[in-house]
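Shown below is the structure under consideration.
Letters A, B, C and D name the chains as they come in the text, with residue numbers starting at 1 for each one.
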Amino acid sequence: MAGNTFGNVLKVMTFGESHGVGLGAVIDGIPAGIKISAREIQHELDRRRPGQSKVTTARQEADRVEILSGIFEGKTLGTPIALLIRNADAKSGDYSKLKNLFRPGHADLAWQKKFGIRDFRGGGRSSGRETVARVAAGALARKIIKAKKIKIIAYAKEIAGIGSSKFDPKVIEKNSVRAADAIAAKKMERAILEAKKAGDSVGGVIEILISNVPAGIGDPVFDKISAKLGAALLSIGGVKGVEFGVGFAAAKLRGSEMNDEPTSLKAKRTNRGGGISGGITDGSEIVIRIVVRPTASISIQQKTVDNRGRSKKIRIAGRHDPCLVPRIIPVAEAMVALTLADLILKSKTDRA
Amino acid sequence: MAGNTFGNVLKVMTFGESHGVGLGAVIDGIPAGIKISAREIQHELDRRRPGQSKVTTARQEADRVEILSGIFEGKTLGTPIALLIRNADAKSGDYSKLKNLFRPGHADLAWQKKFGIRDFRGGGRSSGRETVARVAAGALARKIIKAKKIKIIAYAKEIAGIGSSKFDPKVIEKNSVRAADAIAAKKMERAILEAKKAGDSVGGVIEILISNVPAGIGDPVFDKISAKLGAALLSIGGVKGVEFGVGFAAAKLRGSEMNDEPTSLKAKRTNRGGGISGGITDGSEIVIRIVVRPTASISIQQKTVDNRGRSKKIRIAGRHDPCLVPRIIPVAEAMVALTLADLILKSKTDRA
Amino acid sequence: MAGNTFGNVLKVMTFGESHGVGLGAVIDGIPAGIKISAREIQHELDRRRPGQSKVTTARQEADRVEILSGIFEGKTLGTPIALLIRNADAKSGDYSKLKNLFRPGHADLAWQKKFGIRDFRGGGRSSGRETVARVAAGALARKIIKAKKIKIIAYAKEIAGIGSSKFDPKVIEKNSVRAADAIAAKKMERAILEAKKAGDSVGGVIEILISNVPAGIGDPVFDKISAKLGAALLSIGGVKGVEFGVGFAAAKLRGSEMNDEPTSLKAKRTNRGGGISGGITDGSEIVIRIVVRPTASISIQQKTVDNRGRSKKIRIAGRHDPCLVPRIIPVAEAMVALTLADLILKSKTDRA
Amino acid sequence: MAGNTFGNVLKVMTFGESHGVGLGAVIDGIPAGIKISAREIQHELDRRRPGQSKVTTARQEADRVEILSGIFEGKTLGTPIALLIRNADAKSGDYSKLKNLFRPGHADLAWQKKFGIRDFRGGGRSSGRETVARVAAGALARKIIKAKKIKIIAYAKEIAGIGSSKFDPKVIEKNSVRAADAIAAKKMERAILEAKKAGDSVGGVIEILISNVPAGIGDPVFDKISAKLGAALLSIGGVKGVEFGVGFAAAKLRGSEMNDEPTSLKAKRTNRGGGISGGITDGSEIVIRIVVRPTASISIQQKTVDNRGRSKKIRIAGRHDPCLVPRIIPVAEAMVALTLADLILKSKTDRA
């Protein structure tokens, strides 16, 4: 296995288990001379942090980042930047009874079959806690993105079947579910708390909007930006689908309805393609949606098997998010930032 | 740019323009000692070939494959296998008037902005014809897949808004649209021909089912099999979304409805996750759906701009598929085969 | 196995067996907009071509290159450039008796143990003929090098124990051994012909000088330019060692003798480091030497074993170069060009 | 820049500056289920540690390794193993006066030109201290090597012009210079101390012997094991050349002298090729020699320039090894182990 590296020019390797010493990322390929402070990284980690509202897990993790290398006098050196976040509130005791039991909806059994060994404490590396390293690395990628004036907005478009009827980006960071519609946000929060009370969980849809992307990013054939962004987002645990522009609705359109007619060398009448033409950015806003499954960890009793295949009952007691959407939002943004930064750096070699 | 390589252990590099000398693929990393004949590769190319039915383009291409290397006395040598398919019926004259005009829904303008130069004849490398090399390479990957008894079925689940009401895999290769429902297939064909007559095109949804996949394939974190398959499929021109298992429907489910409860070490009560748990195969059938946009090339008049940004009218005259679904099906299968073969080879190093 | 790809940003995949259909290369990552003609590639192939003088093999190969993709109206498109050189004078009959016999000094036995199968005709892919694809690809890399005014000179510094006493680059392409000393060249030629007459072969040393390299190329730690150039040159069959600057002589120097003192921000008093400081180019001339073993194929009778391990006698009859040095020179240049072009493109992302 | 990653199947990313927080490595692709203890890693670090004898630097670094991830209940999980070694005795004050001065023989000026910024304290990431992370990672690779019964021995073959006249591996770890000849060792030590007293430094040659390597490791063409080992060793700071088997002496041999005649399917009469045939291991002992330049940091006064190009005098005061050979030996072993482990894992996919 060597699946813990992401990117080509900008390469990230992450590590760490949910209940081990800590989690971290090493980022190689960050250009030299970029100003960066621990505070900027911490800001993103705080957005993902557990225990930030009543709809997230009660696990208490300060998630303080330590910068181990690559930054000197406030600037990137061009050398790898290593980031470490130590685990604090890892109650491993909660998990001992799960040692020989496979939680439904989790990777436990598949992992056991693959490796023949697993860290059963909180899912080990298959835990959602793994994403803290992505967010830390993403904070560095954001610096490259921002220098290009690119803006990434992600928000809860739908939770527990409740959609949004308006789009007001200013309210996103002001409600517990990160919706762009303050009224829908309240309904979503209520639905989450209801599910939580019932020992259950809910799913949702996140929309990601990326503006000011220069035309010409992404490569033809296998490295289309849609393929790269798709892989980046589908690599987040719990994401079961991704679509661009009109997405699955394209199945019912005709070519004459789907085609975006250029009105100038910079603009198109419509944006059904979602800012991507033939796998390359066309200068319009990139529009992506991902679906997030309901949290697998629920306290309702479920059936499963143990390591000998015997039928067992299971009730997952730990502290879990009843809906993954709010905390996956900064993770999705991080993955988008890492992908874009990598492709933007790569695009420097497009022309002679 | 270096986006024409796919895979890690099994690495494919493809090349070629729609109206150039030809298209091809070099496949590095195929294990030694596998029996393979040109006939097996040709069989897959024939399934993708233009002109095979009235719903496909009238462009006549025999698409004969020439094996240039890597096979000796009917077996793979462990050296790269190079495959070449020469272009025959490339009517480049049709395209001269498109030299300075950007076709709506195509990559023309994005490509021009990226590279400052493009082969305007039939879209050059951005043409769907590029996929002939994927299918050729995929035929080799299939040999690795088949040795594991893995079976890949792909079919048109929906075209022009017409869905399927039954699943009969035997009929797939017997109807022009590759549906798994003979009656729906006729309706779909009719809808395509109607759109064609109107100078328009239609989209659809392809479902891909992969059975007999051993548990433990795919890697945690960034190289989840969903991320890898997602990237593989989203790299096909015209694909605007991908989902696994229940896919986007997961947004409306509760955890108690979504979780697949194991009933033994090999089976689960349900398969909502689509054969993937935490990014690793769990032994159940892998279920994927992709959405294919309506063909961008339509003969209805559209508005666009020329290379100076001046408003122009355009009518695309060439020979085009009014629906991409039937011919993308073998391409999607090829990408799935390449992805699985690569991950299966990689999984040989999972354990000590 | 997937060892047929070279480079990162500029990626080359080569293919082909000595007595198969042909040999070739696909080059991905060449920037768009570079003027290139088949003639320029052919020029390099002609420098490597067999049968060019009495000290090279009598095998007759025109080695005509066919460009299959990636070039449009005389310029690179930014898409992969595929090059094909068909085999013409492949007398496979010569080799049938070698089917079950392992030639001393060749890869036959190691290859058989690795893959369990091999193309015994002329060594298949382990033949020196493989390098024709490197030279073709290198001709493209040279365009990127030349645009930077970088100049690569390689010459026979020593053959069969005969060294050079002067360095006159103008004579290199004017003598059969590619020495930079016209008088030594004659002695070297005579030594080669003598060895040939005796059914034997000789080795030598090639020196490579690269001038006008900008400072700052190559990356710290694992991707030092010495490591990259070293790997590139050691990947050529028959090369058994490589050294930079004073090379192995450094073992006997003191720090005060070895250190190159800067005399300005652009110049150093001496160049013992050979243009490389800490793995990064420092602006001085890069100085490399490689040692080339005597050709393994000799017609003197040798002892060996067959595929059952039985003792056998062998006399290699084919047409072989009695000294590899003259024809490896353009190959070494090609590998240097590919390495530099790759690192130069990569260096575009060094700074913010 | 992204040059801090090594390997393909077994991938290592290292990080850290000489006078920063610490140094470390993340190793991805280690198979699951391998027993490993911190003690085994520490053992290798201790062999490289500064201050271990009178011929090494007086810098005091305990170099205690902390395992951050990837090991659970004493076994590898198949997830990345992150290792951290914090810097302790980093006297940064020593370096402030070097802020605007470029040390002869060092990467300072080349680095400045590349990145426009550098951590001048002890060379930052260009310091030899960087290799502590290689040794830590190599200790893990050794586990894979050892499971195959492969044995790596490296020793000082020559220091300051003093060669060895016998080879007794038992004495290597028992003398301060790691020679395999106890008497020569004393002479070498004396020569080093003499140079040190004079404020100067000396170079040498390290020989590396690898036994019990199975035949068939390494890949044809670009990934020959000689190319891979060559790159691995040339990536160590101070190494200016590498040779295999008879190495540079091959230039003076005839084919009939150089060729190793097989005497059975497992043995050869001689081993001039150094265990490598056509880039693939042939089962004989691998024989490698590298040349190590004299330490660049010397206290003798030298000439240089400052950041404005003005002529300056410099005397390097810090605590430095007067000869790099003894401490590079465990580093070279680590790089060999990493290379072999990577290629051995890769070879699992050679055959169907």
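Going forward, a contact is a pair of C-beta atoms (placed from the backbone, for glycine too) under 8 Å apart; a residue touches a chain by one contact, two chains touch by 3 or more.
None of these values were measured; they are calculated from a predicted model.
Peer 1: Measuring between Cα centroids, which chain is at the maximum distance from subunit A?
Peer 2: Following the centroid criterion, the farthest chain would be C.
Peer 1: Same or different: at the subunit B/subunit D interface, is the fraction of residue numbers used by both copies above or below half?
Peer 2: Over half shared, hence same.
Peer 1: Distance between subunit A and subunit B based on Cα centroids, please, to the nearest Å.
Peer 2: About 26 Å, centre to centre.
Peer 1: Taking each chain's centre as its mean C-alpha position, how far apart are subunit B and subunit D in Å?
Peer 2: Between these chains, centre-to-centre, one finds 46 Å.
Peer 1: Would you mind pulling out the distance in Å between where the CA atoms of subunit A average out and where those of subunit D do?
Peer 2: That gives a centre separation of 39 Å.
Peer 1: For subunit C, what residues touch not just one other chain but two or more?
Peer 2: Subunit C, residues with two or more chain partners: 1-5, 8-9, 14, 29, 31-33, 76, 78-79, 114-116, 125, 220, 346, 349-351.
Peer 1: Give every residue of subunit B touching subunit A within the complex, in rising order.
Peer 2: Interface residues on the subunit B side: 1-6, 14, 102, 104-111, 113-116, 123, 125-126, 130, 158-161, 195, 200-205, 215-224, 226-228, 230-232, 234-235, 237, 239-248, 250-265, 269, 273-274, 277-283, 291-298, 300, 302-305, 309, 311, 346-347, 349-351.
Peer 1: In the complex, go through subunit D and note every residue touching subunit A.
Peer 2: Spelled out, the residues of subunit D in touch with subunit A are 1-5, 8-11, 13-17, 20-24, 26, 28-29, 31-33, 66-70, 72, 75-82, 84, 114-119, 124-125.
Peer 1: Note which residues of subunit A are touching subunit C in the complex, please.
Peer 2: 8-9, 29, 31-34, 76, 78-79, 144, 147, 220, 345-346, 348-352
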